[in-house]
Amino acid sequence: MRLDFAGERVMAVVAHPDDAELLCAGTLARARSEGAAVAVCVMCRGEKGQPARPIRNLGAVRRREMRAAAAVLGAELFTGRWGDGELMDADAPRVFLADVLRRFRPTLLLAHAPNDYHPDHRAVAAIADTATWFSASRGRITRWPALPAPPAIWHMDTIELHGFEPGFYVDVSAWMPVKERMLACHRSQLSRAGDSEFSPLLPLMRAQAGMRGMQAGVAAAEAFRIHATFKRCRGW
Amino acid sequence: MRLDFAGERVMAVVAHPDDAELLCAGTLARARSEGAAVAVCVMCRGEKGQPARPIRNLGAVRRREMRAAAAVLGAELFTGRWGDGELMDADAPRVFLADVLRRFRPTLLLAHAPNDYHPDHRAVAAIADTATWFSASRGRITRWPALPAPPAIWHMDTIELHGFEPGFYVDVSAWMPVKERMLACHRSQLSRAGDSEFSPLLPLMRAQAGMRGMQAGVAAAEAFRIHATFKRCRGW
Amino acid sequence: MRLDFAGERVMAVVAHPDDAELLCAGTLARARSEGAAVAVCVMCRGEKGQPARPIRNLGAVRRREMRAAAAVLGAELFTGRWGDGELMDADAPRVFLADVLRRFRPTLLLAHAPNDYHPDHRAVAAIADTATWFSASRGRITRWPALPAPPAIWHMDTIELHGFEPGFYVDVSAWMPVKERMLACHRSQLSRAGDSEFSPLLPLMRAQAGMRGMQAGVAAAEAFRIHATFKRCRGW
Amino acid sequence: MRLDFAGERVMAVVAHPDDAELLCAGTLARARSEGAAVAVCVMCRGEKGQPARPIRNLGAVRRREMRAAAAVLGAELFTGRWGDGELMDADAPRVFLADVLRRFRPTLLLAHAPNDYHPDHRAVAAIADTATWFSASRGRITRWPALPAPPAIWHMDTIELHGFEPGFYVDVSAWMPVKERMLACHRSQLSRAGDSEFSPLLPLMRAQAGMRGMQAGVAAAEAFRIHATFKRCRGW
Amino acid sequence: MRLDFAGERVMAVVAHPDDAELLCAGTLARARSEGAAVAVCVMCRGEKGQPARPIRNLGAVRRREMRAAAAVLGAELFTGRWGDGELMDADAPRVFLADVLRRFRPTLLLAHAPNDYHPDHRAVAAIADTATWFSASRGRITRWPALPAPPAIWHMDTIELHGFEPGFYVDVSAWMPVKERMLACHRSQLSRAGDSEFSPLLPLMRAQAGMRGMQAGVAAAEAFRIHATFKRCRGW
Amino acid sequence: MRLDFAGERVMAVVAHPDDAELLCAGTLARARSEGAAVAVCVMCRGEKGQPARPIRNLGAVRRREMRAAAAVLGAELFTGRWGDGELMDADAPRVFLADVLRRFRPTLLLAHAPNDYHPDHRAVAAIADTATWFSASRGRITRWPALPAPPAIWHMDTIELHGFEPGFYVDVSAWMPVKERMLACHRSQLSRAGDSEFSPLLPLMRAQAGMRGMQAGVAAAEAFRIHATFKRCRGW
């Protein structure tokens, strides 16, 4: 069985600059190689992800890092300006994301799972749910025209697989090198490998993609669930 | 088996002017015919439900429509003034609804399911949970006296049955004509039948009530779940 | 809100002679007082429920006890002959129960929850599911005519509330005396109060009905869930 | 998004002669049109599906009907000889199905959901789980060589959508005519349209595929879930 | 089996002054007796818990009551200043609690369940999730140094056991007297025993600990679940 | 937090000779080192786990292997004689296991999860549930006296973590060497490393214990859930 992304427009909306790398970059890379247009929307600046030896202007550094990663992927990049830990399901980010959706016009939106570990991730799940609805609401007038219909939503895996039952697995074995090259762009975060407050990113990414791959009978996989709600599901 | 609504005071709290019609109007109509007092509280103005050919003063138009529908039902109507897509679980709507509860004094509150498709629906679920508690809290002093106990809460079905496991089914077969007459009052929305952003209301309502009816062995049904939480459950 | 059992025919199918007393006798008593016909079908003989000082012919003793309890309730009694711990979801008990259903012709069957603590309870859940289907299958020819439709199924609470989320609560406050008088008929089991292998029955029954009552805002309640499956649900 | 069945070998294992039509025939027809080999394995004879005016030799009649339906689909047909309501998760049907799997060598097995309404359906779910494991076990020696790996399993929707949360939807809009032509082969069952014991098949099929289609934004869909267990999942 | 709290630092974060007594005081008392340091953080003032005969300066009264109860327990006490029913998952309480965590440096945080009955309880669940993450984030600079790792989180039982499946039970039989002495400090609330809006506290506490004890084979127990999320779980 | 196994009697009941190694041997080894008595009961012979080059008398070979592994662990070993794939929840294995329980007299029984991948594993879950009840039933007379109370049950993780939400994690970091030495005894199975039908055992064990360890903040962990049912839970 194969999922075919040809002709789709796939956007991932994530909280922090390196979340897409951990949870869905393989799927995006594969979608692109199959002919889809891809984009990443990062809501927060990542300015609190400080290594032991703090980096000045970390927000600016991380913006460069995410641009580099998006270039590796060949993805359009949208960036919000919320501070780390300050993203809430509120009007401003809803409207921001709805407008990003009206600009990129995705057919599929990958969003954090509602029960992921970080408040910004959980906020993204809620904002994505709302913004997809807003994006196609004609009564909501902005600079961009309303979409004919909201994009479908898939929820991404949680960090370390906590409390996430996969609805299906996307085989990303052949795209692990892209995923790793993208992650390598986030040098500020890779330097945190010895910190006790997070987990070293590369082993974490490999362990997660490897375990999902084992479960799915392939070398590496990313896990998703459809978001079961009105107008955000599709027949495949 | 029959649920008997005699002597109850049943209120539905919904997000938008036509939500009650889709999800619980049959139950309200039946409750009334069995001797219950019924009410509908609509939190949002519905001003963004624009058809392809926009309607001026849509908010005012929809207010007239919901008044007409409430008259068909014989229900008291309470209306909030929140904009579509702007309802949040916050102090103002909590207090507003708690006061509505103190005025109507329901024994049963029908509220949206916490996982329904629209942010305003999800907000109603949260606000209803809170406001029922506030309504009976003596330390919370307003113009109306505290209720002796919070009303019970039932969660209504989700639009298109997504992710909703019915706890029980109310047979509304004999009240489908009322439900349809109420829906017919929402002319501004029926004119959106050809829009891609929502679904034509009448077929949607019939498909949903018909499928719930099939599941329950009757012509038409509405599905609910009790809200399993302290002081909001009742023995029947 | 009130559930009205008038005109129904309610049967409970349980594993052992005193299970109905613990889990649904209040509902049966109330149904009868509201005009329903009621019945109890006990699948096993109860011959292994030995007190510390063993009783001779325990099976016969328990049969007398359950007859006395059924008389208190005013219920028709059907008894299987399976040994305790020997009931399996197999052809013989399926056919036995299907025929009991064809004889009593219930509109509602109360059955153990599929995850209750005892293998015989779990077997009853499976057998009830199957036998209700068989009871209305015209191609299945026995001495009794097929029912026009299977009865609805409600699953009863588990012993000590483990892993059971109530779908709704039946107020049995006024029928606790009947429930207690029925339990008092099971003298062989009440004599086991000091055994470590079970729990003293009367305190167990009161604690369970009392806790379900607290949750439902009444003095005593019994908890149930509908069995969500084709033809075994009803609109109320 | 599109699921691509090219190169797959898809088998459905169902309890009764017309179950595939109701729950997965659209997917099989589509898979075949995309280049997959397809098969249906029917475990029971269907001999108890008697209309009001009983049919002689109903088992033989139904065998002809399922052959005709399989011919419409272009599927290989395997048939068990179990009586209706007599299928259990036991050694004989496990071995039978394991051998069918070794003969057809599917890459994907569609099987009933473990909580579907009929004991034979639930038995199929359990047998499929076991037989897929057996099919690839080299220590289990039969006339056919072991498969290199078990097929993946997808669970099919339940009849009338009870208690089934779709993991994903297959768009079968273009294959509804095949599905309906297949169903039309089951004349013995279509004659049961007026019976109270089942539901008229054609409206049931249309209502179910139509509601799943509504949920998925297409004219008609069939819903499935992956079976989350060792070696029976795949990366797509 | 025994859980050993020696060497731990256990903090409970609750919404109102008497919540710890109801849901986790036995565990705290036991942890302390086994050599753990314990603390309680109460987020709200409790100023709306008015008995029928209102108390002046109820907030101040309740502060004295909670201090007395903390003294009985031998716990450090931290108090927020939010009004009852005004606690939201927002920046201020997140930062407040993160700083409390940095001061007490717990290894384990007991927090309300996300589905408990009161909006302030649900807010505590969300705030605790966030604040534990913040507490160990080095990029988040406050007067106290970041923790080396977030504490583990356990969710406490809900009031009256609604919708809470215990992950495990802590035997508090020997600490019921402490729990009761602590509760006795909350005289302002005990005087509400006859109010219809809450439940008399002492019987409620005993019924809940007694039922959890029955389920766990001990005289009294408190039930918890681990919070399954990144960095907030521990191997025991 | 630490679970203390001192004074316990812990038995694991598994389907096949090497299942304990994969899923619970670390916990057993740790329990023993803390002063618990430990035992393993293997229900099936393992005679179908044939490597590519078949082994004669594989059943006898595997018996030697499990004896060696039990010796490494210092565990008492009980062995059933069921063929692989032939274990059913039926009277004989229920009685067999109940008697094993009466002989070893465990306070805690580790059993496969009810949804694990292999029919024999699922059978063990059901048999364990029943046999623990039988073991303490005085009316069930065998050569060994009834236990005073059934042991508690913990369900073990599933192979590859499919569909298993940990209730808690046991830190087995220090016992991985024992676990590996035990696995090394199963030479017949290690020789299957290149087979497509299973997964190489050592990497599988390491990946699983490593991922559970990551989730729990330790080097290696084993995951369990309590079995929430009458008399099989304990307060810790």
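Order of writing sets the chain letters: A, B, C, D, E and F. Residues in each chain are counted from 1.
Here is the rule we use: a residue touches a chain if its C-beta (ideal position, glycine included) is under 8 Å from a C-beta of that chain, and two chains touch if they have at least 3 such contacts.
Quick caveat: nothing in here was measured; it's all calculated off a predicted structure.
Annotation of chain C and chain E: jointly contacted by B, F, touch as defined at the top.
For the pair chain A and chain D, chains touching both partners: B, F. Listed candidates were E-F, A-F or A-D; the one reproducing the C-E interface, defined as more than half of contact pairs identical by residue number, is A-F. The chain with its Cα centroid farthest from the Cα centroid of chain A is C. Set side by side, E-F and C-D show the greater C-beta contact count at E-F. Inter-chain spacing, taken between the CA centroids of chain A and chain E, is 35 Å. Counting partner chains per residue, chain E has residues 149, 160, 162-163, 165, 215, 228, 231, 233 touching two or more of them. Contact annotation for chain pairs lists A-B, A-D, A-E, A-F, B-C, B-D, B-E, C-D, C-E, C-F, D-F, E-F, with touch applied as defined. Residue ranges of chain C in contact with chain D, taken from their complex: 89-91, 94, 126, 129-130, 133-134, 136-140, 146, 148-150, 228-233.
Interface of chain E with chain F (complex): residues 1-6, 8, 107-108, 149, 152, 165-173, 213, 215-218, 221, 225-226, 228, 231, 233-236. Residue ranges on chain D touching chain B, taken from their complex, read 160-163, 165, 199, 204, 207, 210-211, 214-215. Interface residues of chain A, counted against chain E in their complex, comprise 47-50, 52, 54, 58, 84-86, 88, 115-119, 158-160, 162-163, 195-198.
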